[in-house]
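What follows are several structures.
Shared between the two complexes below is chain A, which pairs with chain B and chain C, respectively.
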Partner chain A sequence: MSTHTYKKFEEAQSGVLPDKMTIYQDCLNAFNESPVNSKRCRLLISRLLQLLAQGQTFPCTEATALFFAISKLFQHPNDSLRQVVYLAIKELSTVSDDILMATSSIMKDVQNGSDMIKPNAIRSLTRVLDESTAFSAERLFKSAVVSKHPSISSAALVSSYHLLPIAESTVKRYSNETQEAVGDLKTFPYHDGLSEHYPNSTYIAQYHALGLLCMLKNHDKIALMKLVQHFSSGSTLKNQLAQVQLVKLVGSLLSKDHQMISQLSPLLLGWLSNKYESVQLEAAKLITSLPDRYVSPELFSSAVQALQGLLSVPRATTRFAAVRVLNRISMVAPEKIVVCNPELESLINDSNRNVSTYAITALLKTGTSNNIASLIKTITNFIHEISDDFKIIIIDAVRTMALRFPEEWKSILNFLVNVLKQGEGGFQFKSSIVEALFDLVQFVPQSKELALENLCDFIEDCEYNEILVRILHLLGKEGPGMKTPSLYVRHIYNRVVLENSIVRSAAVVALSKFALVKNDPTFVDSIEILLRRISNDVDDEVRDRATIALEFIESIKSKGESGSSPAESLIQSKFTYDLASLESKLSQYMAAKQEAFKTPFDTSSIARYTEDERKAIDLKRKQEQLFTTVSSGKSKGKSGVSSEADKKNGSYGGPDATELDQDLQATKYAEELALIDEFKPFGPIVNTSKDIALTETEAEFVVTGVKHLFKTHVVLQFHITNTLADVALDNVYVGCTPALGDGESPLTEVISIPADRIKPSETFSSYVAFEKSQEVVTEDLLNTLYFTTRELDASTQEPFDGDEGFQDEYEIDTLPLTAGDYIRGSFVGDFLACFDELPNHEISVYNIRENLSLQEVVDKLITTTSCLTLDNTQFTSTDSNTHTLKLFGKSVLNGARVALVVRLIKSSKGIALKAEARSDDAVLCSDIVNGLI
Partner chain B sequence: MGNFFSSMFDRLWGVNKEMRILILGLDGAGKTTILYRLQIGEVVTTKPTIGFNVETLVYKNLKLNVWDLGGQTSIRPYWRCYYSNTAAVIFVVDSTDKDRMATASKELHMMLQEEELQDAALLVFANKQDQPGALSASEVSKQLSLVELKDRSWSIVASSAIKGEGISEGLDWLIDVVREEQL
Partner chain C sequence: MADLSLYSVEALLILDGEGKRIYAKYYHGPHEDPEQASQQHKSVKQQLDFESRLFKKTHKQNADILFFEDSLVLYKEYVDVSLYLVGSADENELVLQQALAALRDSLELVLATGIDRKNILEHYDMAALVIDETIDDGVILETDPATIASRVTKPPSKDVPINIELSEKGLLSAWGFAKNKLAERLQQGL
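The block that comes next holds the complex of A and B.
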């Protein structure tokens, strides 16, 4: 055999896999031989494992045959052979039946085998055990856990993780031994001259034991607290990972109960100066991710200090982790990490580009309007040296900065245009730049003209259809309103001449919108000439679009100046549909097949947004996205860069998940209500509120309420969940009493629909409908849940015959109908100008005595008013005791605008709040300021 | 050098030829106890065998590969996976368990019909003779209808694994038969 062919199977990287069936046959033959040739069998098993590792699979019967053949190798006492046998059993355990046949043999090895094979035996033992056999292995695990040999102990502990879902009670029975193992410092038992060949023990078993213990006591807060106290004192924990695990344990305790921080903060402070960098990092990460008001400023600043120190350590991974944490803080509270700026600046030139990218993004957030220009300059030099993923992160940071400092638009725009024109970078990168420019155009009106011009330049030389089409759409939307529309027309028509049919079609649509430019008849004529020329295009889609556009223009002309024609709205639509609900409606329509096609698709039930509302939603989404990025950084330990990059990319495509959920939720409710005959006369739903919890989540009956607003009615939908184990609730309804009492309340109850029966862990809805005037009506509704409990027969899950049940009632929280329910958030470019021009004016002052942070009050205000926050006022600064919140929205009833400026001052006595509202609608104006809290 | 000679002698005596022996029988008959009685000469505490135990032992210069398969109902179907190349079967019966004699007989005859076991010698241990009320070897033989067996060397030996009685007598017979037939 030549060396070439001999080596062929040996190299993992060679890519040449042995033939599956040959290996299968060889294995069966060799393993059934007597006596066993251990060397040959080992080789065969290793090839088999190679196959499995490469993703090859065997059908169940073959896998079972292999398993039985392999089980025959237990007759051979060779340790090395036994080790591969265990590996093979572990791999085959998932595909092969009858795996339990190996149980006794493995158990024997765990008990009497050599130290060499014991760990392997333990690991494969967990794979063959099931609920009934796990019991008999308990003693084996127990003694393995307390074994003095670190590998054996670790194997038993780690295997126990896998045993937990199969037989938790068995694992629980040796939790004492596990606790013992945490404190036990185990070393390899080689004390003779050989010991130099063995590694020093890292005491990793401590980590494994602590991890298992945390899982076992997961639900027992007091036991976990004891664990922390026990192992944090002294120096029992030598292992680095075990210490990190302890920090994480403290983190999970704190997330369940923030009050414990006072007890735990000395510990956290101590960890910040731990000798291991990873422990320092973990502690700093934990401290900085806790809600503000629980962390004392001193603790927070020592955490930042620790991170600052870690920025200049030689190890790149540590620097990376530290800068990543700082970057996360910079998104919510940039002022807190300003102290790190010198270090961050020196990291810009770090040899590791991942580190420098994060350093720059953090700097961009901490930057003030003074140093933005110089920062941008630094980035310009730097951006060409990093990979696309990081470029995207940076562009995104620049984009958020652009929204924060609109006055700096010039240097930001220059930067974006420069990188865009450099020509390097892939689609995602380009697309993120274009996205940033779009944001500028939308939210920073001053920059519009310059940005559009630059985009025009860019499309002259752009290789990506998708981007081209989007830019053309934007030009069509914004161009007609600009000073020199003809400029854009030239650029767009160039596309028609030079590009492929996809781009040409988009260009035609954009072009047709210029025909709406008023007071320049010659201009409109030239557009018509262009379109006419295009209607001879080779591609039929392009021709069609041009022809229909011409037709529209013709019809507008024939109407003259007299007013808007439907054709106008077809060219330049004034609103867009809510895409998520449009999609679900359309797919429903399609699914109904022939029947439904007799009637045309009904668009009236789909939410429509005007331009301003769309912008409001966009802005809100972008603001929220900031949050989700922050929180995802908090919870996930994924490789940060890719996950962050994914998130950013995801946002270009579609709305983020929560937003989508909410839209879909509203559509879903609308469908549910449409099915109920009683509500048909009410007409379409005007607005649907969010789900509001009316009970504690751990109550016996969990109730949440949703308010649906109709033109002259209100429907309250209560979701009632029965959390009791063996009781069904019959005839469940909610009694709603308006707080003002009979005769005085503007609401009169018309219908109440109960839920017939709610079985354990089911959720059903009950409805109450009120009639109201067309005006804005606000009222508190006092709610009580009425029901009949009936005990269930455990075997049938049906109530016992003849059980009359037991009537009962249950007080739940008040559901207020507030002015906020009549408002939908909206966007306005220049808030203050708009605020000043609104006619009605109302002021109101509140004092909040509860101990809340400014941010919590702000969050609450945003929810109750359902307005959109503008000018980035949704985040309070943690340094100052004052905050000004700007809110804007429109009435769902008549489109009246509402603008609110809320000033908050925090003092030792509480929070003072002064709200100033202006609106087109006087009633709404006073209602909203008077119902704020 | 010593190794060399010993392996030469081994070859002379036929030791290097391994012989596969299966110990079968209903659950709780005493199979695992017999296995370890043979291997280490002691009584070990056992628990129901989930799967099998396999031990190699040298008996009268013969290397025996003894497989003790679990006897629980759930494991019996897997016996057949281990039939190939088997020189002899030791079938262990709990002589006090009169109720399940019929079951034992059924399992025994079903097993002996297997193609792979046509040439295997059969040794039946009427075990647990130390217990009061145990059936004698001839009674067990009758219950198992051993006389109906044709074309097979078989024998039944009364034994007590706990006391170590009858085990070596049975095995001596088995070794003689197998040596005669197969070597």
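The block that comes next holds the complex of A and C.
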């Protein structure tokens, strides 16, 4: 090695790393030298580690060469060098071949090495073992586990834990020793004087041993229960982490069997006042995440108390953890944490902005209509001090609150307008405020006028084109229906005078919509004058739009009052397309190139929504979003705050994934059906239900069913998946028998299309079509799967030639055709008024004996009726035994409205349920009420 | 909730004052199913992206803990380096806090002149050992800073180690050695 490179690598201490190949060569040279220069080798390994940590990788051959060279250093007895050698082996073991060759050297160290390097040797040993060699280390691990030295014992336990996926049986053989290690309090032996630091045992081996033991006895509930009983009593467990692990163990036991809560709750109560904060926290987390009906209110409130105590701790992490749990509770049961409100309010100004944001969002949830006004005042003072990211989260929380408390719209609107006018904040922040205002306009009719006026003011000095254009669109949509349309016209025309061409063209479109205002010919005339003036604009797009708008207005005028002209719907369209399916159709159309362009694009197959339907979908999506954040907060500990914070756009980027999926799915089905000749005479699909599972997901044949509704037909589509490994299913069809029997059933089977052959792990569809009358028809369909099994030749994956196969059948669940299949959720601004106005009336009463929570029943009702929940009634309150659910939808057949009010009362005997339905359609009305459960 | 796994730490990062990586390790069990591991484990480029986003979010924020991209992140910022500990969302925050505190304190003990970029780079082997003794592939191995520090060896002091021990035993053996030599010489002389 030349002095030159040596210098270079001395310099490297300044932090500039020599390149990869230099290090590689240096390492190979130095490690193969004799005698070994230990100081230089350690330095080189340190460089190597740094290189690997930077993300550099070596190709397998080079890594193996390095590994081989490093293993030569085992001949050098220096502990200090040996320790980094082990570190390098750990790193390289994942990328190099032939790592087994180091096994014997490492094992020697495990047996005879000094206490200093023994733990390192043990931990490296795990990395070089594989399934076939793991057993050879059993004796070594066993003796290390019982070692008196805490570090050695810990190392062996953790290493065994790492080995579990490949050698569980080996590790099991010393589970007795592991159990002893949990209770054993190991201390460091007499200080050897070599090190300047005095180790102080935290008994962390207990944690490792307990963790390992939990895994070994994972499936044995009784053994786990014994563990809990054994180690929870007295003070056997000294280590903090081990105690946390024990709480987690109790949590996992409870999640498997909720009934054990009565036995375990004294224990949980004890942990809530444990001396370690982490144990308190874990216990509180556990208690608050259990289903309500198993936790006694006393236990829950002491958990909340413990969290309350943690809120005023100086350490930010503790406060963060506690407020996070409280925030999660606030989404499902805000009334339970109202006691913490004073503490939460004091956290609004916390130095950790994450803590303050969690506190605010929790407060917004716990807010009742009484204190919302004061809460909003507090936030108004605070919101200017934080960064945009957090502002957006808060605005989002306020927005959901606006949907929850429509009656509080005034203070909410004032708040939003205030922050909007402050002028600070970037595009995303502004856009989220405008979104919130849009929501108010859409879903809280009372606030419309004031909100629109404020938006008008805002566009006078808004610098973002995108927001401007959206507001102009909204003004155009809502403005003509308001009391004083001329006010909006003035604001819109101001934009035409002052803004750039993008905004001008949007303003023109908005203006033209005002021409549809009825009963005021002079007003329409002035719009026309304005538009004429605009048609001399310098920009051609603006000119074009103005001219075409004038044309439309002219043609409407010429028709006079006699009904609507097509021009009217061009100015103010009555429906919008389902964008997801429009997009997929268009891209298909474009992909077909020349062929397709001969015929114009056909829009009739794309779902269209009217204004109300669009609103229903929007509201549903927003409610679902609220709900998914709650449920994910529950199951995975994720919080609404984070998921909203991570959503970079700050505004709704469109339908969320599941919704989009469902839309696309329906379009896909429609295409599939359109390809089948037998179904062509049925006409277009009226409605498609969700996919319903008809078997367990782990059954031999997994079947799901979809109901497609045509005008006078029903087509059932069954997706059949063959999960068997070596059998093909031939001629698969589903026999559907209406439950009422042949003569009486309103359904008559017309066609059944079988699936020809389903090979292992393939899914095919089979169809059954029924003819029905035009009315609402409800029926249960009893299903049986018929098929011929044929064994497959393993080599060719084809059936044996001579095999005739044998016929078989398989019972699957009933697929009910319910009233809900004829209904699509819809939105109505004033539910009660609408409810009272509907003519037909039906009441029905049910008693549910199963032990379900109110929420579970509500969820089920929403799915079976496929209606939209209104007035935020989809969430039950956790501490009351009654709930009122409001549902609204429209029939897909004739557009008849259906409104449902369901009152639920939970008692010790079960849940009593009284459903009251009103509808335009008498049959639908009675069908839906009588088919609820 | 019922996650009993000991793999509580997802990653440990040390970034410098500009968000560049000094040390980074994304943990996974050594014998984990490789397919599963590759799913969770991002490519180096994704890792670097993650780090720069994280740094942007935390730099000069003085927040200690935050929820970032579905993970809990605890961190400690120094003048020109920051320590980050990334844990799964369900993990007990205070347990992770212990691990980070142990790491921080033991680094302080081992790097005698405090935690800064130059010091860590100069004693990279020591820093790497400290981390290895605190977290073993995602499992928290030890939380007592003194214990961790005592388990980290210093680099060998000389190129060729000569054992001159100043303890009593060392002196005795030196005396013994000298005595033997003297005796040999005398015998030869005789």
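Following the convention adopted for this analysis, the second predicted complex is superposed on the first by the 615 of 933 C-alpha atoms of A that agree within 3 Å, B and C clash if a C-alpha of one lies under 4 Å from a C-alpha of the other, contacts with A are read in each partner's own complex, and residues count from 1 in each chain.
The working rule: contacts are C-beta pairs under 8 Å (C-beta built on N, C-alpha and C of every residue); 3 or more make two chains touch, one makes a residue touch a chain.
Small disclaimer: the values here were computed from a predicted structure and weren't measured.
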item	value
Contacts of A:V244 with chain B and chain C, given as first, second, both or neither	second
Which of chain B and chain C A:Q75 touches, first, second, both or neither	first
Partner chain(s) touched by A:S105 [first = chain B, second = chain C, both, neither]	first
Partner chain in contact with A:K275 - chain B first, chain C second, else both or neither	neither
First (chain B), second (chain C), both or neither touched by A:T133	first
Comparing the two partners chain B and chain C, which touches a greater set of residues in chain A	C
Touched partner set for A:S34, first chain B, second chain C, both or neither	first
Overlap of the chain B and chain C footprints on chain A, listed as residue numbers	35
Residues of chain C defined as touching chain A within the complex	1-6, 21-25, 29-33, 44, 47-48, 61-70, 74, 89-90, 92-98, 109, 117-118, 121-122, 124-125, 128-129, 132, 136-137, 139-144, 146-147, 149-161, 167
Partner chain C, residues of chain A touching it in the complex	13-15, 35, 37-40, 42-43, 45-47, 49-50, 53-55, 57, 78-81, 83-84, 87, 90, 93-94, 116, 119, 123, 126-127, 150-151, 154-155, 158, 161-166, 188, 193, 195, 197-202, 204, 207-208, 211-212, 214-215, 218, 240-241, 244-245, 248-249, 251-252, 254-256, 276-278, 281-282, 285-286, 289, 315-318, 320-321, 324, 351-354, 635-639, 641-642, 645-646
Contacting residues of chain A [partner chain B, same complex]	32, 34-35, 68, 71-72, 74-75, 77, 98, 100-105, 107-108, 133, 136
Touch list for chain B against partner chain A, complex	16, 18, 20, 47, 49-54, 56, 65, 67, 70, 75, 78, 81-82, 84-85
